[in-house]
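Listed after this line are the structures, all set down as structure tokens.
First chain A sits with chain B, and in the next complex the same chain sits with chain C.
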Partner chain A sequence: MKHIFVFDQDKCSACSACMMGCMDQNDIDLAAGDQCYRQTFDNEIPLADGSTYCAYISAACMHCTDAPCITACPVGCLSKDPETGFTVYDNTNCIGCKSCAMACPFGAPRYRASDGKMVKCDGCNERVKHGLQPACVCACSFGALTCVTEDEYKASGSSKGCNFLLEQLALKKK
Partner chain B sequence: MTELEKKIKAKIPGADTGIEVKHSLCAICSPGIHCGVDCYVKDGKIIRVEGTPDHPLNHGKLCTKGSSLRNYVYREDRIKTPLKRVGERGEGKFEPISWDEAYAIIAEKLNAVKQAYSPHSVAFFSGYCKWYRPILHRFAHVFGSVNFGTDDSTCFASMNIANKVTAGCGGAPDMGHANTFLGWNYEGYYSNHLSVAGVQKLKERGGKVIIIDIRDTPASKNLADIFLKIRPGTDGALALGMAKLIIDNGWADMDYVEKYTYGFEQYKALVEQYPLDKVCEITGLDADQVFEATKLYATNGPACTNFSASALVHHINGFNSHRAILCLSALTGNFDRVGGNYPIPPSYVHKAAGFRSREEEFRSNRYPGGQERIGAERFPLWNAQNDEFQAMDLLRQMEEEKPYPVKAIFGFGMNAKMFPETDKLLAVMKEKLDFFVDVDLFMSMTAKYADIVLPACSSLERSELKPYEGGFMTFTKPAIQPLYDSRSDVEILCDLARLMQLDDELLLKGHEACVDWMIDGCGLTVADLKASDKPIKIPNATWPVQPGKLLENGFKTPSGKFEFYSLAIASIDPKYGLDPLPSYRDPLEDQNDPETKEQYPFYLCTGARLPHAIHSRTHETPWLRSLRPDPTCEVHATDANRLGLHNGDTVEMSSPYGKIRMKVKITTKSQPGVLMALHGYTEANVNELIGRNHLDPYSGYPGFKGMRCNIRKIQEG
Partner chain C sequence: MKKIAIIGFGGAGYQAAKEARRVDPTATIDVYSDTNIGPYNPMLTTYYVKGAIPYEAMFPFGSLEQIVRDLNLNFFANKPVTGLDPAAKLLKFGDGTTAQYDKILISTGACAVMPPLKGIDLPGVFKMRTAQDAVALKDALDKGEIKSALVIGASWVGIKVVEDMVAYGVPCTLVDGAKWMFYVAAFEETAKRAQKDLERKGVTVACEQMLDHIEQEDNGQLTAVMQNGRRFTADSIAVCIGVRMNVGFLKDSGLEINRGILVDETMRTNYDGIYAAGDCCEAMDTQCKIHRNIGVWLNANKQGKVAGANMAGEHMEFDANVLVNLAHYLDYDFISIGDISTCGPDDDVYEYEDETYYIRAVRSANGIKCINVIGSADSNGLIKNAFVKAVENADADLDIQTRCFLQKKGFPDGFIDFLGGKSVD
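Right after this comes the complex of A and B.
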């Protein structure tokens, strides 16, 4: 069953527990220059009326249906997992060209300096296949970040997908 | 990659992957929380930590800090063996020694001070965490010293004493039944993640939320119907002003007031002095907003209030500010009522589980007496209401040796950065102490001053008793063996009790015997608890705790009522100038002379929570530190523009007491004229800027959140 990450900005506080969960799951070695696959943002956006909008956001790979990173990769590292729908990868043949990162509108793929290869959020694909939540979702205390099946998503009638959120924020900008 | 390799890489527990799930608890933050954790263990090493899904407290949830627990436990600066100092105190030069040698030195040195001076000249002190405190407290008493002190000298106890002298006890917000939540200083996302769901649920069923804070927070954005962005340190004036509005508009519950309270006329005369315009001038708030918030709180009941254990009381007027807020609860008839605030007494180490343990007796029934505790003369209300020494007087007493010298400190996680003018405290410890032993997980700045340093293990490497809401309790099992040559704090104390031949059967019998004595009567023993890996129901617990007992049986105060006018305070010698009424004074009253005002025009507020930090405990945890790598001074955009400051600039922050350097972060979440900075950084310890005598006379608490300060840009070459 295809899975979808849902982000509800009205529940987020950019507390970054999601990042901690991600780093714990993926053994991110900051000292070696690794970067967490997920990132949070605590932005103060000046509005036209002189007030400030505090935007609390958590973002990682959006697992786009038509993921541009897949086609951008010259050696075919990236693919869609047919079961979960997550954008997954096998970087054995990665040549470190960063084409995927450049193609990604969200900058999700990370270039790992320690081995010269690309790494990214794979939606905790293996965990999800074994009935567990993605690590970041597991770490979110506030229900801001959830991962639901496509059926659940449709049933919920959610209008709070992250893409929608970003559009909404842009409208409020100065 | 084979399927099994994929599973191992993804850390999927199971017999095939060799990954076992072991249950424990996270002890990074306050013992009022301590979430249950699932440790994924492979080959004796933790490879992942998650919240325990069916845990009665956290139901699988962990905060930012708890989610980094593995990174915290395996920190590089863990102390690995017992150490003996070989360099100067503070230099950090040690040599490893055996546990037996360390114990022998400790026993000899503590006994030497006891012989040469008195047992009271040995001060026993605990920083975080708190699980071993009943044992340490008793150890101090059996050793013969009245001096047991903790971080309660700056945390929680001020609020607790204010509650005691007003209502006999505190009251927890009944979120499940309230129509209005007065979130005074409430910012749950960063400091108590499990509390947010309760506020969300209240909103979902149509309840209203008022947030009062000095800065914009996720709570003010996501939860507030009305947000009062108050000038720091002026909460007491707001509470008095709200009381006047409530009385003047006939919103007070006069039946409740007449039946259950004491001193209303004096209180009424006090609040008369706080008309709305004056209150708005003091607090910087809008009059209509204050009126609307007060009306909502007083007329859309039942209403419960968030009381702040450590933010509000970190002002020199904080004790009375808390009392003033608490009084609103009685004035509106919300105290000890459904949907208001009512007492849920702690069962064991600050945690309520619906039964009464013998913790207090265990701590106090061997009290040696024979001398006054440190701080007794200076903080009489504290001393009368709290059975610990007030550590904010430790520096003075070590220096002056009056009324008697302090010559040894037995510290557990002692953190000098908790003390204003930290460097001064350490210098005096270096000069005056005959002996200092510190037990800690990490080689802290303070541990470097110790003569003997002992390595403690984390909560994941030992056992502890932990009750939980809902009438549950557990005795945790180690998820992994103690790292390196570390030991549990209680094991250390019981080992020493045996070596020093202390006259106490319980301590000699060890940890489990002590716990069994304390929980006797609850229907469980340690052996019963050990039969399960997770919290189990306590047979003799009553849960949920019901409100109304005080209204029925009387308040535990001298008058038997809720005291607007505190008779306990009135009984303190008038020479100390403590007001039985919750009167207001300026949070910078001791620094308002024209010269100081001009030189230090900013209002420094330290320690406003950020999600990745709690005191100094997590600053050196790499994942957490990466969220804000530099010690940071938050400057309001208005001030930054005026001073030509940019994000990332280095500034020198100064007060009459010291100077530190931090990086600038520009924000509009705070207020013009206010600087905010996290505490606990070794390289930029903001408590150096707080004066050692800048204290609340009622509690002895430092004004961490209200201090005059200045900044100037530094050119770093």
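Right after this comes the complex of A and C.
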């Protein structure tokens, strides 16, 4: 069953607990120069009417339905897991060319400091396959970040599924 | 049962076959190739040479046998198509035979240009495009036959051959006929920085050097003699001056051709049922509204997929086709987005430099034109998509996440403003 990350910005306080969960799960070594797959943003954006918009965002791979990184990878490292729908990877042949980064409109791919190979959020694919929630979802205390099945998502009537953001951002014409 | 022919089996041909098979499980799909090997990625040749990947990894879709089996294709190896009657949808072959189809895709790709100059066929002069080219160069390097190298053409291929030479510890000189490196994509200010970095890494760079001919010295070395009389001598010479689209067999066929075959957003040519995709075609450039080949792997694959869907009966369109050049070599990266040739002296220029980035970007009152950035590889997707949005709608603002991301990555507010966003604290 395909899974979908749902992010409710109204419930996010950019506390970064999701990042902590991600770093712990994926053994991300910040001291070695690695970057967390998930990022949080806490920005104040001045609006035209003089007010300020406080943007609290948690973002990682959107697991796009038609993921451009998969098509862009010259060595075929990226693919869709047919069971979960997550965009997963095998970086054995990764050449660190960063074509995936150029294709990704969300800046999701990371490059491991030790060998330059691409790494990214895989939705905690193995956890989800075994009935667990992704680490970032577990760490979120406010219910801002959830991961549901496609059926659950459709039944909820939500429009906050991360992999539907491509269309919301008008990056595709059709 | 629908009969589909695919001429040429690289990335575009493969994706077309895959998509056509998805849409129409019963269609007959015949693939004609002038080789007996499966689809490979020309971009990977230099990575194979330097040992970053094994030979098999140049074939990202797996073995030919597996592909043919999985997609239920009829693969005709070493059977080039020599002519086409597009109105009759008829393929012609060298032995005088013909074959008729309902839909035909031309995905014959491109080949490296070797100018007809004296000495161009001397042993030790090579090009870099095919898997065979890569095997030959790697073999020569592994045997220690190349102790010095000259690379002609500061192109996206040329710079990767330079990287191979550096990886093997081979002293290397890079020459180009243009005024500066990456001339068709880089502003002079960008190119000077790239050249300085290359020279710091031990590569000699000489621009405004137009090749006249190549001579063999008594000791077996090769000398490239330039039109200005300057001579560059090395054990081996790589000629990386560009590619030519493989469309010669379509001459006088009636298909509309500039350098490549002209196609619409569905990858259809000027004939019903005849499609083209990949490096042999020219699709509509979103920015300049002209037909242009933007020969990158992503485009070839997307175009093949679009053509395959349409041939099999499902409507699909190719879009967001803007000029993009990414050079990533020797721990250095440079991206150019947009058509640099549209920039003029009256345009507004944004320039910024710090220890991480060099940015030079140009826009006029009518909108964004071209962006050069050095050091932004991790963020190139966001920048490119911001560019596409700005081209498609000059009043488009950046989405909040893009703004936040770019700021976190250390891009200056001025650049974020330039891309269409507002300054953030």
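Observations, loosely collected:
Please note the rule applied: the second predicted complex is superposed on the first by the 160 of 174 C-alpha atoms of A that agree within 3 Å, B and C clash if a C-alpha of one lies under 4 Å from a C-alpha of the other, contacts with A are read in each partner's own complex, and residues count from 1 in each chain.
Here is the rule we go by: contacts are C-beta pairs under 8 Å (C-beta built on N, C-alpha and C of every residue); 3 or more make two chains touch, one makes a residue touch a chain.
None of these values were measured; they are calculated from a predicted model.
Steric overlap between chain B and chain C is absent once the structures are superposed on chain A; the two fit side by side. By the touch criterion defined above, A:97 reaches chain C but does not reach chain B. Contact with both chain B and chain C is seen for A:44 once the two complexes are overlaid on the shared chain. Legend: residue contacts after superposition of the two complexes on their common chain; A:11 is shown touching chain B, with no touch to chain C. Once chain A of one complex is fitted onto chain A of the other, the partner contacts of A:130 are limited to chain B, with no touch recorded for chain C. After superposing both complexes on chain A, the closest C-alpha pair between chain B and chain C lies 6 Å apart.
The interface of chain A with chain B overlaps its interface with chain C at residues 44, 46. Put simply, chain A touches chain C in their complex at residues 39, 41, 43-46, 53, 55, 57, 59, 68, 71-76, 93, 95-99, 101-107, 109-111, 169-174. Residues of chain A that touch chain B in their complex: 10-17, 19-21, 23-25, 28, 30-31, 36, 44, 46, 52, 54, 56, 90, 124-127, 130, 132, 135, 138-139, 141-143. Only residues 1, 6-7, 9-12, 48-51, 60-64, 66-68, 70-71, 189-190, 193-194, 196-197, 200, 216-218, 221-222, 611-612, 622-624, 626-627, 667-669 of chain B touch chain A when the two sit together in their complex. Contact residues on chain C toward chain A in their complex (touch as defined above): 15, 41, 43-44, 47, 52-54, 57, 60-61, 297-298, 301-302, 305, 317, 319-320, 324, 326, 328, 333, 335, 377-382, 384-385, 388-389, 396, 399-405, 407-409, 422-425.
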